[in-house]
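Listed next: structures, encoded as structure tokens.
You will see subunit A twice below: alongside subunit B first, and alongside subunit C after that.
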Partner chain A sequence: MSFPTQRELVTALAVLIFAIAADGVAYVFDKPFLANSIYLALMYALAGLAWNILAGFTGLVSFGHAVFFGLGAYATMIAMLHKIPAVLGILLAGGVGFLAAVLLAPIWLRLKSHWFTLATIATAEILKLSFIVWPAVGGASGLQAPIAEPGEELYYLYFRGAYLYVFIAAVLVAIEVVVLWSILRGPIGYKLQAIREDEDAAMALAIDPLKYKFFALAISGFFTGLAGSLYTIRYRFIDPFTVFDLISVSTYIALVGIVGGIYTFLGPIIGSFIVVPAAEYVRSTLMSIASRYAALHGVVLGAVLLIVSLMAPEGVVERVRAKMVVWSKVVKVVREWVVERS
Partner chain B sequence: MGGREILVVENVWKRFGGIVALAGVSIEVREGERLAIIGPNGSGKTTLFNVITGYVKPDRGRVSFDGQDITGKKPHQIARLGIARTFQIVKPFANLTVEENVVVAALSRNRSVEEARRHALHVLELVGLYDKRNVRAAMLNLAEKKRLELAKALALNPRLLLLDEVAAGLRPSEIKELKKLLYKINSEGVTIVMVEHVLRAVSGFAERVVVLHHGSKLAEGRPEDIAKDPRVVDAYLGSLASQLLEV
Partner chain C sequence: MVLHMQRKVLVAVAIMVVAVVAVGIALFLGVGGVEERVMGQPKVIKVGVILPLTGRLAETGEDLKRGIEFAVYQINSMGGVKNCGGAKIVVVWGDSQARPERGAAEAERLIVEEHVVALVGAYQSAVTKTASEVAERYRVPFLNPDSTSPTLTERGYKWFFRITPHDGMFVKQQVEFVNWLNKRCGGCIKRIAIIHEDSEWGTNVARLWEKEFSAAGYEIVDVISYHAPTVTSFDAEVERLKRSKPDLLLVASYVHDALLLMKTIKAKKLYVKAILAQDAGFVSPAYVSQVGDAGWFVFSREVFNWDLVQKMPRLKEVEEEYRRMYGVSLNGNSARDYTGMWVLYYALEEACKIVKPWEDLQKFREALRDALANLYIPGDKLIMPWKGVKFDEKGQNILGQGIIVQMMEDGKYYTVYPPEYATREPVFPMPSWEERSR
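Coming up: the complex of A and B.
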């Protein structure tokens, strides 16, 4: 069941269309909070899908994808500060994510299982600390995007609210879905999963694990870099604490994949649309009723992760699919029974 | 017989800590041959396979395949050259289906998944796993997992097939069937080297037997001669006696 199915592709694209429709509704009824939640869900879906080509399909679990996210966010910011159009800045973020992955590969790919995971965390933390003390990128106080003069809105992608940004994010996720879907169904998908299952056995079948892990890491870095750029164009201010954060970036990216189900293609998208809006809702509710305890929304998230780990370790998507199989069997039996009676 | 040498192992040494696993082993395999390597537990059979297929680097010595030095090459490079192997401890891709397992192997020779699938299904038919093609590999029993190992090795279209205890744990009827299949593969020109613990598993199949003991070659010859060789009997009895003495 680990190969992406036609139905998963259709579902993924349907979710994106639904997201855009919901964004339209939010615009008409002036619900900025809803639009922002959709935007964040898309941003984490973008990064989560990229994370999952490594974790779910290759067996390399990263808890340091903030590396690519943060570098992508900074790349777009610095591009805008140099008066480069934001659209190019987004592409640049992908390129920087890709490059970071290529440069880190010789270190990361030497390590396996939990050692790999530790190396990813360490790298993200090192980058965060380096950016904090690096004045050229704003140090600990971060960077602010240039104010767009009237007429420059498209140039710097400066819009009010999240409404228009949702379109940009949905397009990026759609591109990623199509690209990853076709890659993972092809020979590369088979070879990556063989490596995940048993590296020695994969080598006996003429597969060079390093080559394919390198490929998976590079493409993962590219799309996670793009996700970082989405943060920058929407929020216009970044600092190392935010974009390299272990919890709200690295762990969240992994979380949406784990909740949705890492052995499914669709997992991270579904996981993201469950976890992110829920977390945003809890956060804003806590903020309005007891702002002192707003940070407690992390507790709720932790609880969600625990419940999923205990009750549906295979993830929501696989759960629903299993339920659907059972239902279709029940329907079949009932139908046959009815036919027999008539 | 009398083909040219396809695999030459020259004076290979391998030491793991204080244990000498291979102590100067030399073996030649002729193209199209059916060779068996037998030996008591710990005689170095699997280590020898691991050296040939690149999983273990020898301390000394040389391995060449089809005239080309392959010592120190990576396992995937060696597999690409045309040496396929099975693992004594089976290594199925547990979460993939039987068909997907073999498709992975077939992809080494086919560019598209469709072509690879056609090839894989053909191989699955050959080893008798066609009906199980949509089953998750983890669900197979041991005999089926061994056949899956074989199917994956065959899907590489190898010139040399190294089988590490494919018969162990199988019932006599299954062994008979397996030998029939291996005969067929061999008759199509694939050289076969099989490692087994006991002579019985290879009798009636191997043309030539090499006996390993304590990491070096103890005897070599036709199966019927090997069975009568007092040194071989001693080696097995010795190990049997020590096993019996262990409480």
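Coming up: the complex of A and C.
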């Protein structure tokens, strides 16, 4: 079993401070592309952390988190179209994600392992297809928020570039980090992991698996809904193909968790800050040095992911931690040696 | 919730909160405060072009890119933008990967980091929506040569200009065309079936078709949608069409699905009196070179066709040079983006009279916007079968129109409608599969 350490909490918050600092640099030097990459990394980190409380800590691997992401995105968009302040729209997205999780729990939580995974994918696809043919939410054309009038920028969170949005995203991730960290360190964290390791044994210890799975799912839905709202407030146009997408939403959310390290608290944040900017920069660099071969960016990224899977199947965070153990031993030996000599 | 936090952690959190608040305030106060620096060297005018250069629409993107490159090559070899001292146009490419959020990020990068005077693109309507939204926010002209969703010009944007006719205009013209065909066979078209890919474009086209054709008194007997990125077989769809027995089949498809659909129709010998496609996949070079006789006699709505050279002398030279450079003919996609670049060029000449981009970039963008809004280009200056280019207050070119082409037995499309541009009489009704195998 692994529990979130204080070092992980400090590292997570340090990453966020670093993100905001990098955002400030991007702003001063007019680098919207950098700011956008940071924003996307935060968005996926938000969803990835939420995903990991299910996948990593409870053992329920979802490839359908687009359900909560998409519903959250739509909730915020519809709120904005009804002239509701965007901040409330973001909260509403969390609420809708939470509600969706509560409603889906009776179906999803009946299923285990790969059956659970399949159910999540199926649900996301069902929602996508339903939204395509549902005129009230814009159907296949999607919805676009109008341009905010001067003076309404804060009301609708309407800014140029990603700079201020990074700030909003960082605050949401910070809240999530503190909340999830304290939950997972407490008794609930023990119980969730007990369920993940052996559900029957956990029941024998008078842990009600359903109750705790339900709790994990609901909180996961809440924060993933918030991630969806981040998509809406920034890009201001959504359609079912984008926000319910199996690859760029569901799989990507899982991917950042897997690359970073699924059984670690920190994993999704680190994974997100590795995968997302890498993908963005590989693509734009290839584009500018050899636009004919730009399509190779997928190949490069795929190769990097394969290498990570082979070299660090336990995730980057575990790998680094293992290295740090070795390193601290080296330091210890050197120190003892120095002490002896002096 | 019990927080088991030690002092170290609390201090870290406190530092974090302070940092977050400080940077946030700094950012907020700084909004719009920093003037964009003009870094473009003199004698160069940078234009940002956003296209799906990689991803599932890469093939179409390549085609569109050629059209842009060729126009820029011609403009620059004719002496560049003369009112700006012969400044050369330089294209900075942005790859949308066929995804809306990537399109928006690229638009931002091109505007702020590359200091482009205007944006051109982005083919898919969903990407054009997010990219042009960014342009509107930064007050940069967005010229759209190739997206046909009617909603794009219904948003009240002031910096958005579209030269191509939109799907609403095309569909009205298609109804006129079918009426015209129907007169030739004494009203033999009554039942219509629709098959379309399910992205925003295909779905919207299908909805417009349903609306306009039923309003014109036709019976819509079936509407079938499919998901283009994952479709691997049309067997079930074609069987269903065999049962619903339409006289006319309307198709909205991208490249690979169009090929697969036509090959399935041939294999299953589905017979309809006419098939009318909504360009896109049906006019792409990959489709035309691979479809073979499965694509004969199919009508497609088009914006452009190679045989227009016989009717439009100006087009002849352009087409010959293009063929020499790229070894392929212009098509509806490359010709529209080619035209887009030329329209931008005419507006650039006007804007350069007022201010130069390297003197004051934002003023130049405003001048360019005004130039576009007041632009009039007569039809004889274009290589498109249009009456010209003139934008209404929504930014829509009101002088554009489509044409209808038909693939003949030599595997080439010929213009059959409107009559003033027609080089062939339409083959209608289609010969049956038995007649064709003879």
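By our rule, the second predicted complex is superposed on the first by the 325 of 342 C-alpha atoms of A that agree within 3 Å, B and C clash if a C-alpha of one lies under 4 Å from a C-alpha of the other, contacts with A are read in each partner's own complex, and residues count from 1 in each chain.
Quick note on the criterion: a residue touches a chain if its C-beta (ideal position, glycine included) is under 8 Å from a C-beta of that chain, and two chains touch if they have at least 3 such contacts.
From a predicted model like this one, the values you see are computed outputs, not experimental measurements.
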Subunit B versus subunit C as contact partner of A:Q193, first or second or both or neither: first
Partner chain in contact with A:F63 - subunit B first, subunit C second, else both or neither: neither
Touching partner for A:S182 - first (subunit B), second (subunit C), both, neither: second
First (subunit B), second (subunit C), both or neither touched by A:R236: second
First, second, both or neither for A:A174, with subunit B first and subunit C second: second
First (subunit B), second (subunit C), both or neither touched by A:F223: neither
Superposed model, subunit A: greater residue contact from subunit B or subunit C: C
A:I147 touches, of subunit B and subunit C: first, second, both or neither? second
Doubly contacted residues of subunit A, that is, touched by subunit B and again by subunit C: 185-186
Parts of subunit A lying in touch with subunit B, wherever the complex brings them together: 2-3, 185-187, 190-191, 193-194, 197-198, 200-209, 263
Partner subunit C, residues of subunit A touching it in the complex: 6, 9-10, 13-14, 16-17, 20-21, 23-24, 27-28, 30-33, 36, 40, 132, 139-142, 144, 146-147, 153, 158-164, 167, 170-171, 174, 178-179, 182-183, 185-186, 231, 234-237, 239, 241-242, 248, 280, 283-284, 287, 291, 294-295, 297-298
Subunit B residues touching subunit A - in the complex, by the definition given at the top: 53, 55, 74-77, 79-80, 84-85, 87, 91-96, 100, 103-105, 107-108, 111-113, 116, 152-153, 156
Residues on subunit C engaged by subunit A in the complex (per definition of touch): 1-6, 8-9, 12-13, 15-16, 19-20, 23-24, 26-28, 30-32, 34, 36-37, 53-55, 58, 93-95, 97, 99-101, 104-105, 108-109, 111-113, 126, 129-130, 133, 136-138, 149, 151, 155-157, 198-200, 202-204
